[in-house]
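Both complexes below contain chain A, partnered by chain B and then by chain C.
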Partner chain A sequence: MNREMTRRSFGLLATAAVASFAGKKSLAQPASGEPIRIGFSTPLSGGLAGNGRSALLAQQVWGDDINARGGLLGRPVKLVYYDDQSNGASVPGIYTKLLDVDKVDLVISSYGTALIAPAMPVIVRHGMAFISLLGSGTNEMFKYGRAANISPVGRKMNEDFAKGFFEVAKALDPAPTTVAIAGLDSDFSNRAMESARTQAKLRGIKVVYDRAYPPSTVDFSPIVRAIQSATPDLVFFASYPPDSVGLLKAVRELKLTAKMLGGGMVGPQVTAIKAQLGAQLNNLVCWDVYAPEPTMDFAGTTAFLDRYRAVAEAKGAETLGLYAPPLAYAQMQVLEQAVTRAGSLDQAAIGAELHRDSFPTIIGELRFDETGEWVEERNVYVQYQGIVGNDLQQFKKPGVQVILYPPQYKSGVLRPGFPAA
Partner chain B sequence: MLDPVLIVNAIVSGLLLGCLYAIASMGLAVSFGMLDVVNIAHPAMMVLASFVIAGLCSQSGLDPLLTALLVAPAFGFLGVGLYRVYHHFFEQSGDEAMQGLAFFFGLMILIEVSLVLIYGADQRWVETSYGGHTLSLGPVDLPLRMLLPAMMSLACIGALFVWLRRSFTGRAVAAVAQDRDALRFLAINPIRIKAVAFGISVALAAIAAGCLIVVQPVDAHSGHVFIGRILAIVILAGLGSLPGTLVAALLFGVIENLAATLWGPAWSPAVAFGLLLAVLTVRPQGIFGGAHT
Partner chain C sequence: MSRLLRFHLGLAATGIVLIFALRLIGNDYAWYTGYVILQYVLLSVAWNVLAGYAGYVNFGTAAFFATGAYTTILLTKSLNLDLVLCVLAAGLISGGLGLAVGWLTLRLRGVYFSIATLSLAVVLQTLVVNWSYAGGSSGAYTMRPQGNNLFGNYSEFLFVLMLVLALGAIAAAAWIERSRLGMGLAAIRDDERAAAAAGVPTLRLKLIATAISGAMMGMAGAPLPYYASYLNPEAAFSLTYTINTMAMTLIGGTQSWVGPVIGAVLLSALQQGATVTISSAGNLLIVGGVLILFVMLAPKGILGLVQASRGKGGAA
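The block that comes next holds the complex of A and B.
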């Protein structure tokens, strides 16, 4: 009965979803029956906890939304999650427990490649549909047909990730001829650096410095000094939050200048680092997944951010919510739509739906290829402009994180040179 | 061809980094090297103190290095209490080897999880007036973010050395490291002396925390970066040798930065820990092993 009702009322549910973003009351029937339980591991402690906790808040906002809208397949939704402590070794055990002991109905991933990949063997063995969050090429080896990845890096990260950075650099006059590449010795950063090498080679740009550093690095001054002595036009960093801060501090102290500096830095997207670096971010050209610019104002984005921020303020979590939260909410939207389209909890049917059609979400329309990656990469490159002091409110407004790439979302023009004059 | 300016700057920045390692290691050198208490929670205590200092600085506007000096006595008393617990439950019954290690491991996890639960997973930092400024001496750059904590580190280590050599309690601490039973002949309670020494080691963690929060932002798990390094430094120096710990820490910093400059940063830990292995092969007791303050 539920199944038939859900099929018939799909359009109504979609309308209700939009209505809920606008703060109106749901038109759907109240959810009833046994809850549908969605299981996942998530980093609530450890190095990835900042993103894990903010993603969880977004997933909980979705849980409240869908239950207010009548639930999934007419049943209420319950999230069942465990802290993986940012430790990949904990992940297989958690998913085994979720599937064999807790008997959850649906599963989604933890945050990031290092915590998604360890879950894959368990997921594949149980034949579950699996929607992951911000992985990079985690399904490359498994080639699992029931997976989708909410990450804009696309299928060919090793080639495409840095494309936007080098496309933006084309606007420089004179054109850049040299680049320095430095990044953390980790999967994501290594792929980002590989992409930078590929893009530099394609464009005839000479790589004058190319080094990886270990995660335990405390002092970044030797790296920055070596880059300084190579006098590159472009500097491409592929770093994680603690080292992004260390690198930018060393850049400032040693007065490193470049025609364009930034790259695949993970860190400036996060509220705490925005607050910490403030105006030091000006003119940085940095990879991102979303920016509050008019060109990326999709249906429901602003309403979601308002709701998320209210919850995050109360819980003292990542308050801007511009990085993982919109993607985490979109992850749940894709799951919701795939289940609704399948009309049941049959994993094969849900898995097939993931690849059949596109999914309207708060981060735009998503379409997945056969490996579960986005059909088109959407690595956003923003430039921080006009930041004054460390006030966080300015990051909520357009014109501060100006989108320079991809062209369809471009919202401003490049200001050459780093640091800002 | 190698740029001599790069090499000189690598050595100087390595020395500044080494000073941070020295103050971070000195507390462990006291507890592990002198008292035989393997406090692997020492870096976690340092991070805990960093959070406290960051909180106090944001409220009061005080400098984190000064704040570290102010909170150090409180951490010292905390250390005294902690040692009493450790002694009562483990050392007294002779279970300190494995169970004591498990106690400090558990304490480390407890501190980290508590910090996440209380403060959240975000980084903590303190904005200082000298952050971002650099003192240039010809071609040599000295970022104040590294220079001032280095000076603080050396001053505190110097004060510790003087105290250990000149004061009665300080000499008793040095003595308890060599023969605790002999102290009883002087009517000194070795447990009280060990509690004082452990308190000093935890107070040193608080001072190191002030230096750390100036150098870089911290999160609840920042201590992980230091566990391997400070244990390696204490062992490289030779257990119980505080001057050796200073020298080993400076050596570690210089080698890390030189390796990063000459062969790339990926080689830094390999070269530094390779040195540790080489030294232990030739001198299993460490560079200054056997020498006591």
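The block that comes next holds the complex of A and C.
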């Protein structure tokens, strides 16, 4: 039997994915039989809880959606999850509990590399298909053939991650000749900085400042002062939420200016930091995974965000839902489609389907290579424009997080200079 | 049969019974849970050697524990050494570290000594973060073998290894209590100046205690890279290890090796159970809540309560 997906069958699947958001229960056959149990650990406490909780909400929205339209393989779906407390040492025990005691039928990962990697030996030993969320290179070591990773950074993060930032900078007139690179001494940030160095070298841009700071850093003034004295055209930060806030506050207090400033900053994507920084974000060019621009309005995206926000408001969680939630929902969509295509819960078949064809999701069409990473990286670079005050409602509208990269999703033009005039 | 022999045979029998009981359960989760509980038994017994017997409160548990873990990572990466040899090396290196730290800090007493040990974790974490061969801030992967020559399942092997280490630590702690070393440490705990005046070699005994305690903690951390497969400095140097170890020992009671064992088994079993049953917030409250209760109602821990009920004068 030819298992290659034809254009017609892909179209049918895409139509099904779109139709799923219509929520017409009357058309769906009610799910029956024993529920299919999907197990995972997730950070509901500890340092990663903010993203873990919002991702869980998105996964629960998917659970409600799929049960409303007849379940998976005609059976209802039940999520079985435990809090890993953002602690990797809790993860192996949780996955053995899920697989050996709870006897779950399917597994997905927790959030982030440090919580995905400890699950891998257990997953490999049990031969389970495994879809992870925002890991970076977790399968490089294991080379497990039944894994897929929902992360737009792709397989060559050390090279490609900062490509968008430097591509956007090409629009500056005169062209930039120097860059300052500063970032947190952590896995993700180190890879981001390495990518910035690579891209700068490729384009003949001179690196005039290059430092990593330790996680314990609370005063960012010395870093910003040093960058100021180097007078770079571009400033590329690779930071985590607390330091992103600290860096941007130091930039403002010390009046650092640059032709373009931003980079691989994790933080501005999060609702609480958007509310905290408000108009200070104007003209920042920052890495992202999704922005509510017309160019990224895929089938089901708006419907998902509306549903997610209603639930999040009620539960007092991350209300914008623009960072982890769409990816978490897409994670479940990929699982759903892989199982549906396999036609059973056979893990080898599901694992094979993960690499066979592309998957239409609310964050676009995804295709995974043999290591489970996206075949094409899709690091989005947005520029915050026209923010007034700290009202969160404005971030739900197009035109505030203007997409500058990649070209296929571009929704506006670069406003040069930081800070905004 | 001497009392000592009976004690050692009892420990060995307990170990064998545990292995067979968990084999009857027949799933990996039992090995994983058992491993974590025994890891805390070992850490608590080790912490009590210095804090309970000598009265020196060590806030650097995570530093010694992580030293053991990173010893395994480095030796596996450079020499592909077997885990058992890594554990022995971790004991030697952590013991040496304990000796060095003790020599530098044991002139400090009370809270000053505690702060010095806490800073040890910060110093070592900074070192590891900047050491790319050890994985640096990105962390290090350790591939676990599929099985073991003696045990088909590597999880079972890790459990048995931790069981042997924990039982060995208990035997060592029980020996220290009855030995001249233990009596000397008790004298230091009660009044160090008086002990020194009476001829107790206080510095030497304290150095021995820090070395033994550090070695045990390092050996507790050595199998961690194989247990978790991936380790980064944040996880290895987590303050959770220090806090849990202290809480478990204080809840069990510091007067004897029995206290840390009871505290570790009760609290870590409770934590393991809570992780997969009740909410995360409830789980995190357990350690703090139980510790506050014990500090207020039974400052000498469960052991103190038992002794008080037997009329041996322990405050309850």
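For the reader, a short list of remarks on this structure follows.
One rule holds for everything that comes next: the second predicted complex is superposed on the first by the 399 of 421 C-alpha atoms of A that agree within 3 Å, B and C clash if a C-alpha of one lies under 4 Å from a C-alpha of the other, contacts with A are read in each partner's own complex, and residues count from 1 in each chain.
The working rule: contacts are C-beta pairs under 8 Å (C-beta built on N, C-alpha and C of every residue); 3 or more make two chains touch, one makes a residue touch a chain.
All figures in this text were calculated on a predicted structure; none of them were measured in a lab.
Superposition model on chain A: chain B and chain C are shown in a clashing arrangement. By the touch criterion stated above, A:Leu44 is placed in contact with chain B and with chain C alike. Once the two complexes are overlaid on the shared chain, A:Val218 sits against chain B while remaining clear of chain C. When both complexes are overlaid on chain A, the residue A:Arg203 reaches neither chain B nor chain C. Look at A:Asp185: by the touch rule set out above, it reaches both chain B and chain C.
Contacts of A:Val122 after superposition on the shared chain: chain C is touched, whereas chain B is not.
Using the contact criterion defined above for the overlaid structures, shared-chain residue A:Thr96 touches chain C, although it does not reach chain B.
When the shared chain is aligned, chain C comes close enough to touch A:Met141, but chain B does not. When the two structures are aligned on the shared chain, A:Asn87 is found in touch with chain C, with no touch to chain B. Of all the stretches 127-135, 199-207 or 289-297 given for chain C, the clashing one with respect to chain B is 289-297. Within chain A, the residues touched by chain B in the first complex and by chain C in the second are 44-45, 185, 212, 214-216. Residues of chain A touching chain B in their complex: 44-47, 49-50, 52-53, 182, 185, 211-219, 221-223, 225-226, 229, 241-242, 245-246, 249-250, 252-255, 270-273, 276, 280, 316-318, 390. If you check the complex, the residues on chain A that touch chain C are 44-45, 82-83, 85, 87-94, 96-97, 99-101, 113-114, 117-118, 120-122, 125, 138, 141-142, 185-187, 190-191, 212, 214-216. Listed in rising order, the residues of chain B touching chain A in the complex are 3, 5-6, 9-10, 13-14, 16-17, 20, 112-113, 116, 120-123, 125, 127, 131-134, 141, 143, 145-146, 215-217, 219-222, 225, 228-229, 253, 256-257, 260-261, 264-266, 268-269. Across the complex, chain C meets chain A through its residues 27-29, 31-33, 36, 122, 126, 129-130, 136-139, 141, 143-144, 146, 155, 224, 227-232, 234-235, 238, 240, 272, 275-276, 279-281, 283-284.
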